[in-house]
Structures are given as C-alpha cells and as structure tokens.
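Please read the structure below before turning to the comments.
Letters A, B, C, D and E name the chains as they come in the text, with residue numbers starting at 1 for each one.
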Amino acid sequence: MLQHRLGALAFSLVSVATFLLCSCARSRSANDSSPGSEPFFTPAHPTVANAVKEFLGWRATPIQPIAFPHNKHIANGIACMVCHTGVSKGPVAGIPSDKLCMRCHEFLASDRAEVKKVAGYFNSGLDVPWQRVYGFSPSAHVKFNHAPHIRAGVDCSRCHGDVTNMTVAVRAVQINMGFCLGCHRAQQASTDCVTCHF
Amino acid sequence: MSHCWGMAVDLDRCTGCGACVIACQAENNVPTVGEEAAQKSRTMHWIRIERYYEGEFPNPRVRFRPVLCQQCDNAPCEPVCPTYASYHTSEGLNGQVYNRCIGTRYCANACPYTVRTFNFFNPVWDKPLHLQLNPEVSVRQIGVMEKCTFCIQRIKASEIQAKAENRALREGEPVPACVQSCPPKALVFGDLNDPDSEVSRLARSPRGAKLLSELGTQPKITYLQRDSWDGPNS
Amino acid sequence: MERRDFLKFGVLTGATATLTACEKPVQQLVRFVPEEDFVPGVATWKPSLCTLCPAGCGVTVRIMDGEAEVVRNGQRGILKMGLAKKLEGNARHPVNRGKLCARGQAGLQVTYHPDRVSGPLKRSSSRGSGDFQEIGWPEALSEVVTKLAELRSQQQADSIRFVTGEMRGHRRELINQFLASLGAPAAVQFAPLDEPVLRRANVLAFGRAAMPSFDLERANYVISFGADFLGTWNSPVAQSIGYGEMRRGRPGNRGKFVQVEQRMSQTGANADEWVPSSPGSEGLLALGLAHVIVKEGLRSNPTEINSSREVEEKLKDETYSPTQIATRTGISANRIERLAREMAAHPPSIAVIGGTPLAQTNGLFNALAVNLLNMVLGSIGSPGGMFFAPGASTVKEASSANQSVDFVAQVLSGGLENAEVLFLDNTNPVFAMPPSWQVSQKMKRTPFIVSFGRFMDETSVLADLILPDHSPLESWLDDVPESGTSEAVFTLAAPAMRPLHNTRAMPDVLLEIAHSLGGSVSEALPWKTFEEMLQASYRELARAERCHPTDGFEKFWGRMLEQGGWWDGQCQIHSPESPALEFQAPEFVPPRFDGSEQEFPFYFQPYVAEAFLDGSLAHLPWMQELPDALSTVMWGSWLELNPKTAEKLQIQQGDLIQVRSRHGSLETPAVLNPAIAFDVVAMPMGQGHAQFGRYAAQRGANPMSVVAPLQVEQVGSLAWAATRVSLSRTGRKGRLSLASGALYEQEKELELR
Amino acid sequence: MAQTAEQIQRDLLRPVLDPSRRAKPVIAGLALLVLAGFSAWMYQMYTGIGVAGIRRPVFWGFYITNFVFWIGISHAGTLISAILRLSNATWRRPITRCAEVITVFALLIGAMFPLIHLGRPWLAFWLAPYPNQRGLWPNYRSPLLWDFFAINTYLIGSLIFLLLPLIPDCALLRDNVTGWRNKLYSLLSLGWRGTQKQWHRLEAAMHIMAILIIPVAVSVHTIVSWDFAMTPVPMWHSTIFAPYFVAGAIFSGIAALIIAMVFLRSSLHLEEYLRPECFDNLGKLLLVMSLLWFYFLFAERLTTWYGNARPEIAVFWLTQRGPYRHLFWVMVGCNFVLPFPLLAIKKLRTIAGTFLASVAVVIGMWIERYLIIVPSLSHKFLPYAWGTYRPTWVEITITAATFCGMALLYLLFSEVVPVVSIWELKAGLREPVR
Amino acid sequence: MSSARGIFVLCSEPDRTERAVNALLSAGLPMSDIIVISSEPLERYRFAELKKVRMPWLVVCGAVLGGMGGFLLTSLTQKGLAIRTGGMPVLTLWTDGIVTYELTMLGAILTTIVVFLVTARLVFRNHLPYDPQVSQGKVMVGIASAPDALRDKIAEMFKAIGEIRE
C-alpha cells in the first residue's frame, strides 16, 4: 500500500488545487462536432473526488436493486453454475436475466416482496439493473477469463469468498494484481503481462 | 513449441481499400477522435495505409503500404519505457501493458515506424455507439499509449480454446481482424516458427523485404514488393 | 421453500441443463438465437447481409450479450440482449468469400448511431424546418391508412408515389405488390450509383439490364475505363478478391491491369499502366483499341455477333485508327497500338467501364464501345472474361434498368408535384440531385410525404411522417446479388439482434397498413409478417430451382438461415442468353460540357468517395475518420488539383477554394494530387450534408451544388461529370485533416548540395 | 577590495533585514503568473494531456524542451561554482551562491517538466524502485530512469552544495533578528557556533562536494542527452550528443548566471560586490562556451550533411531551409553571431555587453533544444507519418510561468538569505594577496 | 553540572584572539580543548591548524557503499524480477553502470553531509556557549570546561583581552 499512500499524498494535494482552480473547467468532448452528446466515457473523471477514489481503489459498496439471498438459493441445492452459466464456457460468469429468475419465481414464492420486484422488472420488459460486485476498473485494463480458471480447478470461493453464507454478494476477497499473481506464481501459470492485460 | 507470430504483406495485392483499417478499429475498440483532433493528426488507427506518389502527371504512380506495428525482435520502443509498459512478450510480440503505462510517450518517439498512438483524452463514444465495443479488448483510458497487438485477444482465445480441446493450434488460427477482412488477401498471418506455414513461406520470398531494415529492428512483418508487369509470365 | 416447489424447480433446471448441453459449439453460424441462450461473454456468429451498397455481400455478425439502455413501454432501463459487435464477411458466401470492405464493416454503426430516429415522428411545423414530434405507432399508422383509404375512395390511387433506394429481393417485391394492390404505379428506385447508362448499354448489347461480373481471377489482361472496381464500383469486394488472385494467385503468371481515367482513383493507383485520356473520350479509345485488334487480325476468340461483318467493317474505318483518335483522346497512336497488341496477345482479357465515362453526356456511347471491345476481345461469357451472374436471371432485372432515370424523368416532368402521397425509403434525392432540378422545392408541394428513413437526412426532413425502419441488423433481409458471382445466389438473413429503438421494419409496416386497409389490399398481401412472406416465397423458389430440398422445406429453410442463404456451388460463366448478339457499332458522339472553356477552364469530376459512396455513409464516424486512399483526407471534403495547376493559380495545399460553375458555387479546401490531369479538378461525393446526424451535418461541401443538370444522351440520367468550373482563391485556409505528411517517399530535397 | 567586514555584513544583510523595499508588487505579479501556469497545469491534468499541442509524431514538445533547457540552466551554478572553488579563483567569492541558487531552482523547475508532460502524472512514482506486490520494478534500461536517478542525485547534491555554505550566514542572521525569524534562522543554522573545528569541517566538506558535484553535473546532462541519443530518431542517434549537451548546458548556465547577477546587482545595490571583473571573467568563460557550442554545432551539421543519410538529411534541410529555418538562424545568431563580438572585444565585454550576450544565449539555447526535439520527431523515417507541431496556450502559459517561477524563487531567496556569501567575502578579506 | 564551567573571552580582533589562545596554551591547556568561535574561518592563525581530517576517506567509503547499493539494486532486481521479457535482457551491464554510478555519487554526497554534520557537531550535540556578538565580528575564545583552579588565572589573563563570558 506504500505506493497508494505516496500517491495519495501527491494526488490529494493536486486534486485540492484542481478543485479550487478548475471548478469552471467543463468536461470536454473529444468529438467537438457532437454538441450535446452524452458520452459513454468522460474525458477525465467527472469529479475530482471520483478520480481520487479510483486512484486509491476505494469502491463504494454496491447497493443491489433486489436483496438477492445467495445463501437461500445455494441451500436449496442450486449450484453457482445454474445461474452463472458462462463461468465454465467463457470469460464472463454472467448474471442471469430476469427471465431466468422468472422460470422458477413465476410460481415459487411469488408473493414475497423481493420476488415481486423481479416480476415487476420482468413485466416491464426490462432487466434488473444489478450492480457489479467484483469486476475491474477500466483503468486496470485487465481482461479476466473465467473458463480456464474453472477448468484448472480453481474454486469459486477462492476469489469470491464463501457465498453460501452471503445474502447479497459482497466483495469478500480484495482482488488486486498481487492476489492474482500470488496464485499464478504458486500454480506456475503464466505471469506474462499480456496474459491478462490487453 | 512456442509460437512466433508474424505477418506478410503482399504489396502487389494490396489495393489500399482500407478494409483492414476499419476491421482493426472495430475489433480493437479504437476510438474515433473527431475532426479537430484529426486535424492535429491524433487519430488512433492501429494500422494505416501509407500512400506514396511517384512521378508526376501524365506518368504518376502510387504505392500503397499498410503500416502497423512491426513487432520488432529488436524493438526500439521496449528498452526506453521506464515502467516496462512496452516489453517483449514470451511469444516475441511487442507487448503494450496499458495499465502500466504512465504516458511518457518515449516509446512512440523511439518507434521508427510511428505506429504508436496515444490517448490524449479519454475516448468518447456517443451513446449508444458504445454498444459496439468489443468486450474482449480493454478500452484504453486517458494518458496511455496503444498500438497494434496482432489481435492478442484472438491469439489468446485461440490458445485457450486449443488448450481446452487439448490440441495444438492449427494453421490459419488465430487470424487478426485486418487479415481476416483483407479482400485481395494481401495480409497473411501465421506462425514464423512453423516453417511450413504460409507466412513463413512468404517471408522467404525473394520479393520480401523488411521495412526500414537498415535500422536493425528485425521486424516480424515482411513486405513483398510490388512488381511491374513486363510480360505474361512476370 | 416447500418440497413440491423444489421438485418443480428441479425439473426446470434439468431442462435448462439439457438445453445447454445440446447447444451447438461456439463460433459457428447459427440462426437467430433467443437472448436466453447466449453464453455470456462468448461470441455467437450469425449470418446477415450487407445493404450499404448494391454489391450484396454476405456478412456474419459477431453477437455477444450486453446491456443496452432501452425504452420499453415508456420506461427506460437496462435490457440484456445479444448485441452485434462486429461484421465480417461470410466465409461461405460466393460474392465476398469471407471478406468485407471498410464500408460494410462500418455498417455496424448504422445500428448504434446516436442520431437514429428512435420512433415515429410527425411534422410539427412548416416543411423542412426539421421540427417533429414523437407519436405512437398506432396513431402514425392510422394517419397513413386514413390517407390511403381516402385516396382509394376517390379513385386517386395512381397519385401515390413510392421512391426507394437501390433495392432487390423481397422488399422490393413486397413494395410493388403493395402498390399494385392499391392500384398505384410501381415503385421507382433512385440510387445515384445505379449506373443506368451501363444497364442500358448492356440491354442494347446483350439483352441484359444487369451489371456485369468479371472473372478477374483467370484474366491475364484487364483494362478499365474509369471504373473504380477495387474501391466502390459494382461489387468491389468480389472484384478485389479476383484482382488479388490475378496479381499473385497464379504463381508465375501475373496479369496486367491498365486503367484509363483523368483522375487517379484508388483502383487506378493499383494499375500497372495508367492512361489519362481526355474526358469523354474513353469510348473512342476503346474503339481505337478494337480497331487495331480487328485491323491487325489479332483476335483469337471473338464473341459471335450476328452483325459481326458490318461491325467489323465499321471498326476498320480509319475514323477509329490510332492516328485519327490520338488528338481527341490525348493518347499517342503508338501507345494505343501497343495496348491493343498487348491485350490481344494476353488473353483472356477484359475491358471494364464505370464511373466518370458513364457520367458524360456521351456515356452510352462509351459504354457501348467498351462492350464492343469486350466482344472483339472475345471475353463475353468466357473464363477470364465478363459475364452476368446467373442468380440475376431469377429475379426480374429488366424493370430495374432505368429506375433512376424514371425518377429523374418524374422529377423533371412534375411527377412529384402531382403526387398526393409520396413514400420514401432509403433514398436521398434532395442531396444527390443537382439543386437546379429543385427536388426539394417540388417535394415541398407534395401534400403528404411518408419516409421510412432511419436518419433525418435532407429528404426525410421534408416528410410529414417518419416511420423509422429497423437497422439492417435488426431486420429480415434477403437479396439476390446482381454481380460478383458465378453461382446462383440467394442471400437470406434473419435479424441478428433485437431492435434497440422503437422502430419497425418497413415491410412489416406496409403489411400492417395493407391489413388495416382491408379488402382487396389485405387479400393481396396475405402474410402477417415479412418473415412469413419470405418463407412462402422461398418455398416457391425452392421448388422452382434445382435447390429443392429432399428433406423438406423446414430443414432447407433452417440451413439457409444458418449459412446465410442458398447458392448452388456451381460456377456458371456463360454468354448472355440472347440467341445471338445483335449489335450495332456505336457512332462516336463527342461529349458536351456545360460552360465555356474560357470562363470555366476546368473539367469538374465528382467521384464516388471510398468512404461515403454517394453520401449515404457520411453519417458513420468510422467512415468519416477513414483517410481517403489517395488524398488521405478525413472529416471533410476537398478539391483535388494538379500541383502544376495549383502553382499556376498560386493555390497551396489547404487553401480554401471557391469552385464556380454556371449553376452554383461551393467552397472547399484544395488538395494537391500529382495524378490528375492539368485541366481536371475532382471532388468526392458524399459530404456537404445539411442534415444527416451529428457526424455528417454541416461538414464539407456537396459537389452536386455546382453540377450542371445535363443528362446522358439517349438515357436521361444525370451526366454528373459534364460540368466545367472555374477556381478562385478565397484567401482563407480550409479545414483540412490530412493523414499523410508527405506526397512522395523520396523528397527531392534530399540530394547532397 | 576596500570593504571592511562590517561593511560587507551591513550591505549584504540589508536586503534580508530590511524588507521595506519595492519588490512586493513584482513578487505579486510573478506569483500571479506562476499561479496562472499552475492553473494551466491543473487544467491539463483535469482534462488530459491533449490540451497541449503534442500530437503524432511529435510526442514531445515544449515540455521536454523546457526540461532540457532548465536542466541545462542548472549547470550554471554548481558546475561553475565548483570549478571556481577548486581552482580557488578569488573572484568567485561573490558569485558562487548566486550560481548555486540558480542550480537548485532550475533543477526543481526542470524536474517538474517530466511530470507535467506525463500522460498519467499521478503514477509518476512508478519510476522509483520499491518493493511491491506486483513484483514490478522500473526498467533500468530506460534513459528516463537514468534521468530519475541522475536528477535526484544532482538535486540532492546541489542542494547540499548550496546549503552548506549557507549555514554560517544563517547563524549570522539568527543573531541579527528576533521573534519567529530568529527561530527560523536558528533552525536553518543547525546550531552553528563558528568554532574553528566547524569552519574547518565546513571547508573540507565544501571541497569534497565541489569535487563530487562536477562529475554528477556532467552525468546529468549527459543522461539528458541520452534521452534522445538512445533512440533511432534522425539526428538524435548521435555520439556527439553527450558533450554537445553538456557544453550547451554550461553555456546557457553561465548566461543565466550573468543575467541573474545583473539583476541582483542593480536591485540589491551590490555594485561593490558583483564587480565588473566578475562579469569580465564570466564573459570570457561565456565566449569560450560559445565557441565550443559553435564547434559542436558545426561538427554535428557537417557530419549529417556529408553523410547524407536519407532520414537525417530530411531533418537537416527541414531546419536549414524548411519551416524551421527562421528559428535555426535566430539560434545561430543568438548563440554565436551576436555573443561572439560582444564577448570577444574587450571594450564590449562590459556588464551591459555580457548581459546582452547572455540574454541572447538563453533565448538561443532554448531554441536549440526546441530544434533538437521538434524537427527530428516531426520527420522520422516514414514520410507518410511526417507531421507538425504547434504549442497551445497551455504549454505557452506553463513555459512562461516557469520563467516567472524562476524569477520569483530567486527574488524570494534573495529576501530570505544573503545572496552573496558573507562569510566567504569576509574570509576573502583576510586572504593573503597573491 | 560539575563545578567545571566554561570561561570565554570576546576578542574584537583576530590579533587579540591569538593572544587569548596563547594565554590559554600558556595556562597549560591543550590546543584541542581551546575553543575559538568566530563568524569567519580564521585560517591564517596558528590555532586554526588542525590535524588532517578523515572526511575524504569516509566519503570514499560512502561512495563504495552507494555504488554497491546501486549495483545490488540493479542486479538483485534482475534476479528477483518476475517480469517476462521474451528473452530480452532485463538489465545490461552498461545500463547497470549508469545507475550504479549515480548511486555511487549519491552515496558519496550523503556521506559528506552526514560526516560533516556529525564531526562539526551540528544538529546533534549543541551545548556550546555562544554570544551573538560573534556575528558582529567578535571572536570568542575560551574553554568549555575549565578546572576551577585555572579559572581565575584565565580570567585574569582574559581581562586584558576583552569582555569575559562565563
């Protein structure tokens, strides 16, 4: 964490100054030809606080639209891969769409408040706007592929903690590059940078 | 056997159509920068088609030459990077690790081919153009250098696939986006460690030459020179 | 959870498991897959069809699941759906064999364009003001239905006009059936790249109104008269593939390629020999070449012509001797003779014509002359020659021959003003026609205009009602490629992804309108959806053609959707089916130009821009930022002129130039081009849009604004290369984004001195 | 030297002890401009490095020009003062500190530029080698890393070189002020008493430092030159670069010193101390460096022209006849044509003459750095990728602000401590006249 | 405090200083105990002559240490570095040399300052008597701890030279 502390010091000084001096600086679109466009990425961070947070790796705890109880589902014998279908096939484990939820919940526990919320989304033709719990910041420029890890026998809990005891999934494991590298070194997996960064 | 990815560019086939440019842009999330930035030559294309005139009217000639990262064996960009953001991968490519890049732009200066592009601003996609982004490639953020990777994501995907199927990579697998799209098949990609691959065969062609070979960068791209017609069997 | 419920769940999950187990391996072409079956993060490839130019290439779409922000039932939210991520050529498609040009790949951005019309719009203030209000589909449709019903009741159905862009396959079929059921005249196509002149010439020469195909792979000698066949013309991907093979596909045998034009095109840049003839003299040059071949008896395998004796006699006439035509064409007699002998000595050889020579007032002569040269060379319907794609015969081609011409005639004869209802689909005549024809003003007088436009362009903005069509990737598509293949091909594609916006497919809208109208109209169009119509129609076609499936239509249909269409896999290069060619040697007609040489010293040649075609792709940011192959300009328009000419006029690269003709003027920056004739200036088409989304609007200048309204003789289409202009400096610098830093690789500065 | 010790002390302490001088508006003005530069930097940081004019292929522009320039200026001091100390030149006594201060401040400003020019300056600490979980170290093969080490060493060295002889003067100040300033100077004087042992150790340490600092200074600008020479860029990849840069650095350093001295002399009324012979001597040095610079320029140009290698000659003609020709000839004028007569003719080698020559040299040397960087980058090997460069207001503001910053720091420094070493002058009084 | 207190005299000019020093020497005090505090180095005088310092040798040691540190930093990094470089060298002797050189110099510089601070008794040991008048050009001569027996004698001698400080 040394680099973070050092950096934090430097950056907070700078960002305070930025805040004072550049309060008038508007976010500027690189495509000048497109006034009024709503860019997917802002030219820099939307706010200074935002930049500092990302730099320090502080992430807000995601607040899910529906309090999904992982423990109850797992206790009922539903394995991770039933919903997170992509985990053994591709890069992304995937979060199921509400259609999958409704396959059961159309008639299972359909009177519960949280289930009603799912049904509400389903009926509106939209999906539940789940918030990411893990995932990397864009500036990490990292591409993680689940499938080879599953094939190599890495247990889900290795990176995601003991989900059997969680209701809403929480970031139980701090995944950073040191975490990845530690495992890769131990398993003698490739530590070539382009294994993950491209 | 480790791979050594290389490419051959047949300039006698290349028509300068630009299909490779867009293929690359689509595959690798290369942003468009807009007119003002383009005027400052800040476009981000990883592959460009150089156009050179020769002679003057009424006898002009034009040569096209697609130029992308030459993936030099002896790359000037690599040693100058203070943070190892540009480095040599175990398969011999000139890797560019975006998250390690602090933006000194030294590599871009050192590159004699001027193929590196820099994110002067964060890339912008007007919604919903961002939906076209390829999730297999990172979107490079402000202040980092980027360049052609030989579609490393496709190479990695092929290798993972082959490993899952417990086999070696086949000829013609993987294929970078530019090679895939090239209508006159001017671009050929493959493993230079395999002497029977088409790219190895073409690399041995007497028409073959390396770009700026006098600099000793030892590029992995061979350019097959354009011929002139002097008879039916030329 | 109770035990009973859990059992139910078990059954369900079991079902899911089975579903996933029997799922097809990834990365194979699969037909439209419902979203639930996507493996997150893993790409699925679906076949589709490129509609951006008339070539009709087959594409595959990489689909991956993603989260799109959509509006559903008035509620904005996230929807997980399959999203198109990339377009690549369909490897199995006979036209483009896995390859795709830059434009085709940028087709992706049509779907995701931020300025797509996202729902039906109704004009809310005066015409052309661009003020629209959003309305719902039911109101929008009822408005059209009311209007049509009213016209039908007043027996005025013949005042319905339907103008489409280049369109083949069942979309056109449906439109025409729809119009026919209403009792309205057939739809008219207006596509600037339609080449009506060449079609007319092909009708006259071969009895075929189709665009020709070329067997470049086996040709040893190719001479092209102005055709940018590697860049934009006809079926560029197919032709580029063939070109590559001609050059390097046959070890030890490299074909020669000669290009005749005044301004070096991207295609010309690849030529082994570049012949700058004077504008409009291409036909004469072709006849000169034919003269030498006939006179010197160099023909090895001439195509049989019924009237060959007369034609031969005519060709032998001294009028076409190289010495006679040398001054007119600007090509020395020696060179003409050498070229003629070369091409005769290296069969098979092909002559191609397209682009500028066809846009001269004597375009028809030029086209006929080149057709004759092909006959003399014996390249009609033989391997290594020119031929007509076999698939084209299955669809009615003749009717399309002069569609654009018809539209021109309609505009000029007041057909637009007389229309009560005007339907517009995928065409932009206001932009592509010279202002002196006053399309916009005439359209403003049409009482009711309905546009199916996906984008607000110069024509759609005049509409009363905009019923936005799906993007091609969201639609059912089918096509019969007109050229570029020696196999019979039907391309068919299901939607590759769900619609992003509140749009509806134009054919479905027409069907819905028809059903609302009821009665005979409804009966004539019995299908609920376009998909149904396609199925029904292909059931017929499958029966009619040799492709009749042995394992039932359903399987056949499934296979078609899986591979992106049907093709017979048999190379069929044969002569046109007309019994024997009836052919008159064309009479030389000199080209006419608008404007006097003294006042307007330069020939003005607009050309089809590699990135924008006729302007229909100017709204795509990828295309705007694609450096032009020769000028390397991005994000703007420009005028090309020879450095010597520029020096004489004291014009420097990037200077803003005023280009003036008798019919208008425009301002655009100058770009020096050493490969353009001294008296020719060239300008790309496609920029200068007043409206067309944020990336195209108010960018550059439209060359049409100076083009004189001359027509090609005996055809009637616009002769867009027949204008003369004058140049003057404005004293300002233009906005010019150049990708290239230098014209020459070896600067003259470099010598030791 | 007619002064007495008391007089020296009085004269030199006056600027520090008597703050009621007119410098305040000047300081305020300079501070405002520095603030403008800082704001421009923050704006750049906030919006992105793209607000600068750099582009492909000219990825380095004003910032690196400034970097090289200021590092060059920093050679004024330490190097000159060290050489003069070692050679025991008596006329050095009044000027060593002026020179050493330039070094420290120029180095601080120069070292800022690599940070300013970074695409992601907040990650600059990755240049330092420190153990981390990622197992990543900086790349010791990169000249930028050598820069990191060299500049840090030089900065520490020259800071010490400046501060060591400042200790007795701080002690002197400590005894002359009261209140918080007394506390401040007590702190700065580190408990200095002035025992003969301390004096002796101080002189010994200064002697060692003078020996050490010379090779460090040479290495710093050598390495700065290698930032360029290590890359295959036309006209950069040159063995002459290291001595060329070092010579240029000393050249511009002396010029900066003369300019600073002229201002100090008039504003602090140090006419008695910064005497014309100082300028005369420095002028001679400057003349030597000007000749040396011209010699290097000629050697570089001649070999390029004679070699006639395609990429190099393109850059050559670009500067000679192309769009950079004006700058090129201004540079030659400023660095040689103008200073040579001013410095060579004894009559002209007055304070005004050397000042004029120095101003020209500083301008000329800035242009030299610009002409080394920009034309070469804009015309690399593939002509299609040739380009241009034009600075934006951000770069210009920041550049201007650093000049103001230099002036401001210098001014503030001269208000806080005596800018001429009092004890050294006093010691000089007792020096046996040789 | 012990009974041993310091006794000093403020001399207004160096010649008197010499007298004071001589007086102390004549009182039997060794040169090393005599403290002369001045606002400038008094190199010309006999009392200024001190034995040769070991500072350069210490600096050389520091340089060697710095150099070794630099070399170890580069070479150990090379060993410990997990970076894959595809066969490219992580380090080379030539570039090692540069970093080693810079760290050698840094070692020397830091040693110089540390040795100076320690041997000049700055920062760390700071209990010498002082008089601000020194900075007015006076020179203070005396001893830090004079035995009581000698104090009076010294004081007597100093009286003639200048103001006495205890």
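To be clear about the criterion, a residue touches a chain if its C-beta (ideal position, glycine included) is under 8 Å from a C-beta of that chain, and two chains touch if they have at least 3 such contacts.
Note that this is a predicted model, so its numbers are computed, not measured.
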Relative to subunit A, which chain's C-alpha centre is the most remote? E
Among the chains, which one keeps its Cα centre farthest from the Cα centre of subunit C? E
Which chain has its Cα centroid closest to the overall Cα centroid? B
Which chains, taken as a pair, are joined by the highest number of C-beta contacts? B-C
Separation of the C-alpha centres, subunit C versus subunit E, in whole Å, is 89
If you average the CA atoms of subunit B and of subunit C, how many Å lie between those two points? 30
With centres defined as the mean C-alpha position, give me the subunit A-subunit C separation in Å. 44
Provide the C-alpha centroid distance between subunit D and subunit E, rounded to the nearest whole angstrom. 30
Which subunit B residues reach two or more other chains? 32-35, 37, 41, 43, 48, 50-52, 79, 84, 87, 89-90, 93, 95, 100, 120-122, 126-127, 129-130, 135, 142, 144
If a residue has to touch 2 or more other chains to count, which residues of subunit E qualify? 82-84
Spell out, as numbers or ranges, the residues of subunit D touching 2 or more other chains. 47-48, 50, 123-124, 126, 135-137, 139, 141, 145, 382-385, 387
Could you pull out which subunit C residues touch subunit D in their complex? 739-742, 744-747, 749-750, 752
Residues of subunit B that touch subunit A when the two form their complex: 31-37, 84, 87, 89-90, 93, 95, 97-100, 120-127, 129-130, 135-142, 144, 149, 152-153, 156, 160, 163-164
Complex contacts: residues of subunit E adjacent to subunit D: 14, 35-44, 47-48, 50, 53, 55-56, 59, 73-74, 77, 80-83, 89-92, 95-96, 98-99, 101-103, 105-106, 108-110, 112-113, 115-117, 119-123, 126, 128, 130, 132, 134-137
Parts of subunit D lying in touch with subunit C, wherever the complex brings them together: 305, 308, 310, 313-314, 317, 321-322, 379, 382-387
Where on subunit B does subunit C make contact in their complex? 10, 12-13, 15-19, 21-23, 25-27, 32-35, 38-39, 41, 43, 45, 48-64, 126-135, 177, 180-186, 227-229, 232-234
